[in-house]
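Shared between the two complexes below is subunit A, which pairs with subunit B and subunit C, respectively.
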Partner chain A sequence: MIWQIELLILIIVIILAVGALAVKDLLSAAILFGAYSFMMCLLWAIMGAVDVAFTEASVGAGISTVLFVAAVFRTSRRTED
Partner chain B sequence: MKIGGLILVVILGSVLIYGSLEFPPWGDPASPASSHVSPYYIEKSVEDTSVPNLVTAVLADYRGYDTMFETIVIFTAGIACIFLLRIFRKEETETRLYRHIPTGITLRIEKSGKFPEKSAAFERIDSVWVPHDLIVKTTCRLIVPFIQIFALYVIAHGHHSPGGGFQGGVILGAAMILYAVAFNLRSATRRMGERLTVLLCTLGVFIYAGTGVLCMLLGLNYLDYSALAGVLGVDPVTARSHGILIVEIGVGIAVMAVMVTLYYNLASAGKHDEGL
Partner chain C sequence: MEVLLDVLISRVNYWVYIVLMMIGLYGIIAKKNLVKKIIGMNILQTAVILFFISIGAKKNATIPIIEHGHDAAHTAVTATHYINPLPHVLMLTAIVVAVATLGVALTLVIKVHQQYHTLEENEILERIREA
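What follows is the complex of A and B.
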């Protein structure tokens, strides 16, 4: 695999993870977490774990983002701390 | 406090990174992970189970117990979500909105107001702003069957390509959730009610555990699918492949039903009345 792409994805993963923790708006945090899952899925695929990548894409980036958005919709949009 | 937390996190992180330096290098054939049972799986799994995808063979056959209890974990998550969120008490909502379909006029019914629920000219709409969304609804109506077919393909084709019960079940549940998002929660619960989803959760786990019990009744170990050879009318190696398919179908049904249950309860805060 091209190591530049791998490094780029790794940096994006770290940025998205810190962003999902730091951002005050919970809806943006949910979307950032979905993007983080998608980048993790790419990393799994690069490392040859295709089954794990598929699970990450469907569960992490797909369903759990929807469930987070549904939970944010029923609670408050902004975090207190 | 924040500074102290940061210092603690940095120290723990550097200890973890220092510990990971002791790991064997990536893809090392002499590492413990790839020197005990892995060579057996790599060399013998096609011979034993006639399944080309090694991951599926290990997940559903050699390590069948793990996958069964993973399914039970997901089942427990669904049941716990119902226990925590579901409100069974029938309390009347504040105001309800109805749209007159031929004219588009919206009626607002106050708390104790009477309105015939089964009127064909009116449809109930959510209390947040609901526009007419013909394009969204039509697109979803067109795309949902394709998503479901793809999900069934993922479940059935897990032997040969990446995929299997978990992923296929999640995609199947996502199709139902897409329908619920595009239309509304009430039309989704009319298609797939709460009783049906909970029944399907238990049915999926029952198929998995029942296959194991059937293997035991036929005289071999729990989840040793080669016992099914007589029932299915094939040789023991092919019977293991078919047994994997049976339990994957069970996992798919359970995961699909749990995902739909989680969405129903989270999106409506347990009331199953108005959703996202």
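What follows is the complex of A and C.
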């Protein structure tokens, strides 16, 4: 566990979480959420949970982002908050 | 001050877990858009997973794979050398459940959009009241 990298990634995770909720475009929100999931994956690789890390990389960051983008393209990108 | 800083740094994972959980809860409660609500729900789920993985994490320990597994009978396994793998296994299930709920939620969002042609909660309620 390298605490400098861990602290940096924790800060990036919070910024990406706030960004995914604050941005005014649903496609951008989906992409930011994918980046958030990848940062979580890095965090778990640092904490020694490698099995959780690659499950998150494939399922959380991969399939979730694809599902979000597909749903946004089938509905609308417009959001008011 | 020194003690406070020590406590803050040694438990920084838990503070971030609390912050992420509150961000997710805010997303679920305060956002009007349905997809934004789902993103909030997912952030809340990953926050809980972060909490559980932080419980299992350990300093100066390696990943829970036994070296020289073929002659393990001669060398004793000391549990303090390994990170606790039990929370990892539980959280693998939680990740899969998170994706399943995400799929169902997005399907419902698509059906709602087909019915009302909007994703905003207040506009949907208006259209229900008009009909």
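Basically, the second predicted complex is superposed on the first by the 79 of 81 C-alpha atoms of A that agree within 3 Å, B and C clash if a C-alpha of one lies under 4 Å from a C-alpha of the other, contacts with A are read in each partner's own complex, and residues count from 1 in each chain.
Note that a residue touches a chain if its C-beta (ideal position, glycine included) is under 8 Å from a C-beta of that chain, and two chains touch if they have at least 3 such contacts.
Values in this document were obtained by computation on a predicted structure and should not be read as measured data.
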item: Greater subunit A contact set [subunit C / subunit B]; value: C
item: Subunit B versus subunit C as contact partner of A:L21, first or second or both or neither; value: second
item: Contacts of A:D51 with subunit B and subunit C, given as first, second, both or neither; value: both
item: Partner chain(s) touched by A:R74 [first = subunit B, second = subunit C, both, neither]; value: both
item: Residues on subunit A lying within both footprints (that of subunit B and that of subunit C); value: 50-51, 55, 59, 63, 67, 70-71, 74
item: Footprint of subunit B on subunit A - complex, ascending; value: 50-51, 53-55, 58-59, 62-63, 66-67, 69-71, 73-74
item: In the complex with subunit A, residue positions of subunit C that touch it; value: 9, 12-13, 16, 19-20, 23-24, 26-27, 30-33, 35-36, 39-40, 42-43, 46, 49-50, 53-54, 56-59, 61-63, 83, 87-89, 91-92, 95-96, 98-99, 102-103, 106, 109-110, 113, 118-120
item: Subunit B to subunit A touching residues, read off their complex; value: 53, 55-56, 162-164, 166-167, 170-171, 173-174, 177, 181, 259, 262-263, 266-269, 275-276
item: List of subunit A residues in touch with subunit C within their complex; value: 1, 3, 6-7, 10, 13-14, 17-18, 20-21, 26, 29-30, 33, 36-37, 40, 43-44, 47-52, 55-56, 59-60, 63-64, 67-68, 70-72, 74-76, 78-81
